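This is the structure, below, for whatever I ask next.
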């Protein structure tokens, strides 16, 4: 069964329409990339999935059942982890506290705990008593991912994880995400950084003005400079 | 003591009166008492007194052949509201007279309307002397209440009896307190020259914590305290002062109707033993004559043994009007003013006279020492003995 | 926007106001007179709230300052009527300028709280400065000139003053300044980047609102022949805010409608129940949950639907 | 024209900008490049008075502007657009521009001249300039992203700046919109003799407009020069252009 | 004026005990303000209701040992229940709305609760006696001081420490802090923030009720006690810093001490003093003594 099926969703902020019928689908264990420029609706797609900005039309199904319209926290509890852009750690909470509030057992065999998270992101352990607001950008990014993992999600919605990070940090992050994927976690990765996405994803959607303009494999994109120029032009 | 039905009675009363008589056969009295806001309780009971009077007169065939209708508006204890409501009574209900008012500022406000509209106003409760001071006085305003002058001087008389020599005062920091202070200090200096005011405390409007003042007084080393912490505020004050041993250290004389039975009943054991306090009315004063009759009526109306003190105030305030109208044989404003000036009436609490020159009734108050009653049916503190301090000699 | 329909409506209301004394009810004159005064007060408040997006918790202060200034100049100092009346407005404006200078430095809740603090300070001064204000017993016996001391005359005087003030305010909200003020409400940040000194724009709004509140206060003084310290207490500020929201802050005349509604309710509900606050509260909740744009917004929406 | 000396911005421990030196000549069209989060927007905010830089001074036409409020800086002749749409969403398109003109013409404290009647012709001309004539009466917040960006430009131009700062002027636009927009900006800039300082992701846009460019990375300017100089700068190639240009384009 | 150390000492205790009893109430207000961002004008009304409920419960429990203490807890529970109903039926629909509408809503609550109290308990001033064992004074070596006032001091400290522990040392407290910082993010982590809002409102209101119950023996119960307390609580919360618990503690202490020493030192200006202080604090540090400026 398809893990996540987003079908023809239309989403608006107040009166301004942002998504005009976006459809994407994620199979179990898959990493799906969302590409597109600033403001094309990548973040909105993610917010539509996890219910922060519910679509007013269309459907979002999770393992076959409809979830759009449900409150965000219920969607999150189904196993949908969200790592927003701008990181949004709780600045007044320490690293440890940031992790602790996200802790949620979902009855899996091999669940995440602080030790496992620290093993993946060793830097966090060093700073576990430091307040979130005093971490560097890269550390904050790791913390937000680690925080989502504490809820033992089946899928991670990663919004622009590489944004503003130094190349070395980006490389490290890429490896960490790859290792998560290797452990069987499904991922939706929204990015402007083309290579980052192409290296990690199994399939890629290209968004433009609130619509999906292209769906295919990373290889297809690499071979199509016209497509890149038209929609991505990095 | 069901207040809802109380108010309902009032409405029904006025309705039936309206129905039965044509416009010209009715004397309309506008009553302005607060039935909401901070002085609601006083207002409700006073209104009841006014209505009892109207009921009596109507049952006895009316006044000059006319029925009396009492039309009430809620003054909310707020002067601007009282102004609007007084106007409303005059302009919409076309009342011929106004009675009521509780706080001094509301009294002033209604008095101002009565001056503009040339309508007689009997101030039932407002005490501040400012209302009848020369710059504010006008011929349409009359005061049935004791004023701060009498009240402050009465307290000075009591202080003298108690041989207070080093005196502290604690008076509320607004006009009521300031007026009491003037009267008390002037009079105590006159009748007890050896007495000295050693400390004055002025709790501010709206305060609920008096401990700082209590501490200052206790540190000042006085032997007696004159207080204007009136009935509505006194329970809080007493509860805060008692644990300090305050009432054991000083003799305490308080104005502001702290001695009224409803306050004593409500405070129960929290009412300090041995303080001196006043009241407009104490039902246990006597069971004879008019007083007994009135108490009985009130007991029946309210369904309680221990009747409150405020109804008589509303009763008497309206009584001035009705007796003056009867005397004048007319409800013409000028005729009634003429009748009121110098009028003497018999009230449930004794005879009283309205002075012609300043329209001030020679209203005295009951004063007494609050002690635990030996009477089993009344297990609260009460004045023993009760003495009526007459006002005549104390008035300017 | 002035549409023909609104003009006709306004004309009808104006004519009705002018013709009111013909029905010979003193009560109606008093009630409408009071409504007009509070309508002016609410309109002045809406300059801040509706057009400037500034939530003041202390607007009553300027109403009270105008009221006391008028009373004192007229009575204690015996100034000629128009001089005193005008000076009261000027004094309100000056006080609003001084207080506003500090308040507009802050934004949002801090702005609200500072306006509240200053207003309470004004109240405390009025309460304690007995020699001038009469303290808690109020300033009684204002020397209203004889020619004005007739209910119907004063009623027309009020109409003239309120209409004039409302017209000036209408001009102001539609002026270049009014446009700019709305822009600062809509997007303070953007306004700064087109070269608007937002604080000064807001200060001007504060002064204007304070001035017209002062005029309303002066009228109230003349109407009552007295001033009471309660006029400066924070509940009076809350009341004008309730009036404005009740009527609708999104329209120019909404707050005036709110003032009328509140005063009429006050006169009639209090007559048949002592639990009038609950009724008022229920009406507020109804507005809150069902007509968030206030009575005026509700009315205009209905109209649009009908068309 | 604009001289930035040793500009630095520190957010409670985080050094967002560090020792930036830059000079702009009159009429120059200068691009600021850098990955997301490099500090471009902070840089702009420091120049336009929204942030008070912790270090350094900026002179504009020989006068110090550091420490002035945004409105004062605008009055000196520096206007800006924003990366995130920053307009008056509830006002009409026409009013959006009209208010800007009122402010520019120092009419904002005029209490009696009806605002709606002011500068109608100028407003119309400005809307024509950015191709929004047909949308004049629309509610600004309800328009498409690209149109809102155009409006943003019109608002910025209304203050008749000599120096225009554009923060990602074409972000989120379609290629066609982008091309139109570039053409428009170029045209307006030359017509009005504007000095331009802008940030941009789109290299095509950058090379189409800029005479000179600088690369901002982790809050530091690592290179400044002509497009070719910057393109050939080793460090730049390595950390910025290289990564993207080589792999993707 | 400080030449009388005993007087100074007792005034200090007066100020402390007043401040601490105000803190219990203001703490609830600041908690709600910090998390829900709702300026709850009805908090004073909740306090008043707490006092009245305590009065009735004391009557009901007369003869039961520890009756007053049960009544105080009962008041807190009653207020919590009422707050629960208010939040679930009405308030939660207003979180997304303009602050103005929330204000209006709490105004409406003030009116309704005022009437409720009037309808249920009538209008006479009611008095709850000091609880047994607290009627007298304690010998502090240099002076006697009423034991109930000392108890209020202690209670303030207990509530302060308890709340500090809750907010900073428990998981639920971490949720509360996180909700204050970023509601959306917390939702996205699977936490029902609506419930945290509800519980915060319920908890803050329970504190108001508890504060009212504790105050009942120290003051008298009357209509209008809500309006008096709410202004004081606002002042405390503002000078301390909106939403800051430590700030509320400091603010309450300042207000209490200002009251007692103001009466002692500048009796004529005491009424002006607190408003003046509020103005000065807002002008110098608008975000309050212990608050933080809001991020841009």
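When the chains are written out, they are named A, B, C, D and E in that same order, and each has its own residue count from 1.
One rule holds in what follows: a residue touches a chain if its C-beta (ideal position, glycine included) is under 8 Å from a C-beta of that chain, and two chains touch if they have at least 3 such contacts.
Everything numeric here is computed off the predicted structure, so don't read it as measured data.
The set of chains touching chain A and also touching chain D is empty.
The chains that touch chain A as well as chain B are E. In terms of C-beta pairs in contact, the better-connected of the chain pairs B-E and B-C is B-E. We define each chain's centre as the mean of its Cα atoms; on that basis chain D and chain E are separated by 50 Å. In terms of their C-alpha centroids, the spacing between chain B and chain C amounts to 37 Å. Chain geometry summary: the mean Cα position of chain C and that of chain E are 33 Å apart. Mean C-alpha position of chain A lies 43 Å from that of chain E.
The residues of chain D never reach two or more other chains; the list is empty. The multi-chain contact residues of chain B, meaning those touching 2 or more other chains, are 36, 40, 205. The multi-chain contact residues of chain E, meaning those touching 2 or more other chains, are 118, 268, 271. Chain B makes touch with chain C in their complex at residues 7, 11, 35-36, 40, 73-74, 76, 78-80, 83-85, 87-88, 90-92, 104-105, 108-109, 111-112, 115-116, 128, 130-131, 135-136, 174-175, 178, 205.
Chain D meets chain C in the complex at residues 48, 50, 69-72, 74-75, 79-80, 82, 86-91, 95, 98-100, 102-104, 107-116, 118, 155-156, 158-159.
In the complex of the two chains, the chain A residues touching chain E come out as 50-52, 71-73, 76-77, 81-82, 84, 88, 90-93, 97, 100-102, 104, 147-148, 151. Those residues of chain E that touch chain A in the complex are listed here as 171, 174-175, 177-178, 180-182, 184-194.
Those residues of chain E that touch chain B in the shared complex are 4, 6-7, 10-11, 14-15, 17-18, 118, 122-127, 129-130, 135-137, 144-149, 215, 217-220, 222-225, 228-229, 259-264, 267-268, 270-271.
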